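First subunit A sits with subunit B, and in the next complex the same chain sits with subunit C.
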Partner chain A sequence: MTESKVYLRDGKSGNLIEASLFDEVTPDHLVLWDRDWVPAMQAFCAGKPPGQKPEDSHWDWRRKSKEVTGILGYHSFALVCPKELQGLMMTNDVTSARLPAQFGKPLIYVEFVATAPWNRPKVQDAPRYRGVGQVFVLAAIETSRNAGFKGRVGLHSLPDAESFYEQKCGFTRLGPDSSHQNLTYFEMTETQADAFRQNH
Partner chain B sequence: MNAKKTMTLNLTDQEMRVLEDLAQKKELTKTGVMKLALRVLQTLDARIEPGKKLLIEDEATSEKSELVIL
Partner chain C sequence: MKLNYPKEWFEQRIEKEGKVEIGAGVPPAPRPVESAAEPKIKLLDTRIAFGQFVALWRRNKGWNAERLAAAAGIDPEEVLQIEYDPHCEPEPDAVFKLAGVFGVPSRPLLELAGLVVNRTPHLREEAIRFAARSESIAALSDVERQAFEAFVTTLSEVKG
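Take a look at the complex of A and B:
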């Protein structure tokens, strides 16, 4: 397991805050998820109809992590700051690209990514930290480059996150995918990945 | 970083041609293709169990065909 130094922004002051990105979700991270993340999500969702709950509120990261333990093609990431879990991501490197310009070439596919409830403006008026999504997109790009995939990344976005991937990250929108609950599929090329890296 | 071990792989001319073609098509080294093949096979092997099938769907016609994996 590797720990990398990354930076988030304080939700109130906007100051850069040092954080740790781990390229493996460990049992310790899942303890933090159980201890802090789950109760915060449950508190926010209490009494709300399904349509008003965060789209990922039902994600069970302990189960997701267990399902891919020992599978070479899957990778998990945890973002910790200072000693609290700020985000989780799971990727695989056994998926191929759909964009015509890079069709069939391997990419890093982001299976799941989420920021902690207290980092979401919809959950907490002044999010504790900003920039978790950018850190994970950058991590996916670097994983892609390290695997020889030249920064190619693909993902299906939950509706609330579509503008983030398209406008802030520069992914290409390929449209709804009937095989993935009609979620919109996005893909990043080598050129788009290079542009994102230069800006972050 | 995990320690790495070296192995020798003997391929027929045809197998080597396929490996070289895939390396070019996927923009990977030949070693990269072999590692990818290992990861894909392990992923499929872990996912496919009795009662589950791997299908390839033609988006244009919605026609599905089963892909049989050892």
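Take a look at the complex of A and C:
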């Protein structure tokens, strides 16, 4: 397991805070998920009709993690700051690209990514930390580059996050995918990945 | 995988991010309920029919296995295993996804794949008849096409 130094912005002070990105979700991370993330999500969802709950409110990260542990081709990531879990991501490298320009080429497919409830504008008016999405997109791109996939990344965005992937990160929108509950599929090319990594 | 980016990079990117949601990923499909008193059926003949159905649906569309896998969001190897290896038990999630691409209810496909107990009347007989009439040749013959279309109708009439 490798730990990388990354940065998030503190929502209150506006300062950049050092955070740790781990390229493996460990039992310790899942303890943090159980301890903080789950109660916060439950508190937010209490009494709300299904349409007003976050789309991922029923995701079971413990089960997801167990399903892919030790399986070649699957990777999991945990973002911790300072001793709290701020986000989780799972990817695989066994999926092929759909964009005509890179059709059939391997890419890193983001199976699941989410930020902690207290970092979401919908849950908390003043999110505790900002920048979680950038860290995970960067991690997916670098995982792709390490695998020889040149930064190609694909994912199915939850409806509320579509503008983030298209407008903030530069993914190409391929439209709703009936085989994936009509979620919109986005893909990033080598050129788009390089643009995201710009100034590095 | 080690990230080695300067603090300034994050500072600039975070400004671009703003206040946004970032969630991605398909919520899990419900798993079929299995009863301890009703063990999974593992009949090779229905699973052969299932594999034939997947292969013929794909060929009828002029798709290769990779394209079908991409449409379903599953591994191309899984498509090939389903088509060619009746001993291989497919993942329920893969069968759900294929049913979504095919536009047929998932329940009869799960029955054919041997993942749930066969409760649909005559499905097994229909499946065997379909498999017996289908041969793995390059293009669909008229007989194959008729068998294929009749079987799609049968599947579509089953409540999902």
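In this text, the second predicted complex is superposed on the first by the 198 of 200 C-alpha atoms of A that agree within 3 Å, B and C clash if a C-alpha of one lies under 4 Å from a C-alpha of the other, contacts with A are read in each partner's own complex, and residues count from 1 in each chain.
Criterion: a contact is a pair of C-beta atoms (placed from the backbone, for glycine too) under 8 Å apart; a residue touches a chain by one contact, two chains touch by 3 or more.
Note that this is a predicted model, so its numbers are computed, not measured.
Asker: Should subunit B and subunit C be called a clash or a fit once both complexes are overlaid on subunit A?
Answerer: clash
Asker: Once the shared chain is lined up, is A:85 touching subunit B (first), subunit C (second), both, or neither of them?
Answerer: Once the two structures are laid over each other on A, A:85 reaches no partner at all.
Asker: Which partner chains sit in contact with A:150 here, subunit B, subunit C, both or neither? Use first/second/both/neither.
Answerer: First partner only.
Asker: Touching A:72, do we find subunit B (first), subunit C (second), both, or neither?
Answerer: Only subunit B; A:72 stays clear of subunit C.
Asker: Thinking of the overlay built on chain A, is A:105 touched by subunit B (first), by subunit C (second), by both, or by neither?
Answerer: It touches subunit B, and subunit C stays clear.
Asker: Thinking of the overlay built on chain A, is A:179 touched by subunit B (first), by subunit C (second), by both, or by neither?
Answerer: In the superposition, A:179 touches subunit B and subunit C alike.
Asker: First (subunit B), second (subunit C), both or neither: which does A:94 touch?
Answerer: Both subunit B and subunit C are touched by A:94.
Asker: Return first, second, both or neither, reflecting whether A:158 touches subunit B, subunit C, both chains, or no partner chain.
Answerer: second
Asker: Which touches a greater number of subunit A residues, subunit B or subunit C?
Answerer: Between subunit B and subunit C, C touches the greater number of residues in subunit A.
Asker: May I ask you to decide whether A:32 touches subunit B, subunit C, both, or neither, giving the answer as first, second, both or neither?
Answerer: In the superposition, A:32 touches no partner, neither subunit B nor subunit C.
Asker: Looking at A:16, would you say it contacts subunit B, subunit C, both, or neither? Reply first, second, both or neither.
Answerer: In the superposed model, A:16 contacts subunit C only, not subunit B.
Asker: Quick check on the output: what are the common subunit A residues between the subunit B footprint and the subunit C footprint?
Answerer: In subunit A, positions 94, 104, 179 sit in both the subunit B and subunit C interfaces.
Asker: Would you pull the subunit A residues touching subunit C in the complex into a rising list?
Answerer: On the subunit A side, the touching residues are 2, 4-9, 16, 21, 23, 54-56, 58-60, 75, 87, 90, 94-96, 98, 104, 110-115, 120-122, 127, 130-136, 138-139, 142-143, 146, 155-158, 160-161, 163-165, 168, 177-181, 183, 199-200.
Asker: Inside the complex, what are the residues of subunit A that reach subunit B?
Answerer: 71-74, 92-94, 104-106, 147-148, 150, 179
Asker: Can you list the residues on subunit B that touch subunit A in the complex?
Answerer: For this pair, the touching residues of subunit B are 25-29, 32, 36, 38-40, 42-43, 46, 57.
Asker: Mind listing the subunit C positions that touch subunit A in their complex?
Answerer: 1-14, 16-28, 66, 69-73, 75-76, 97, 100-101
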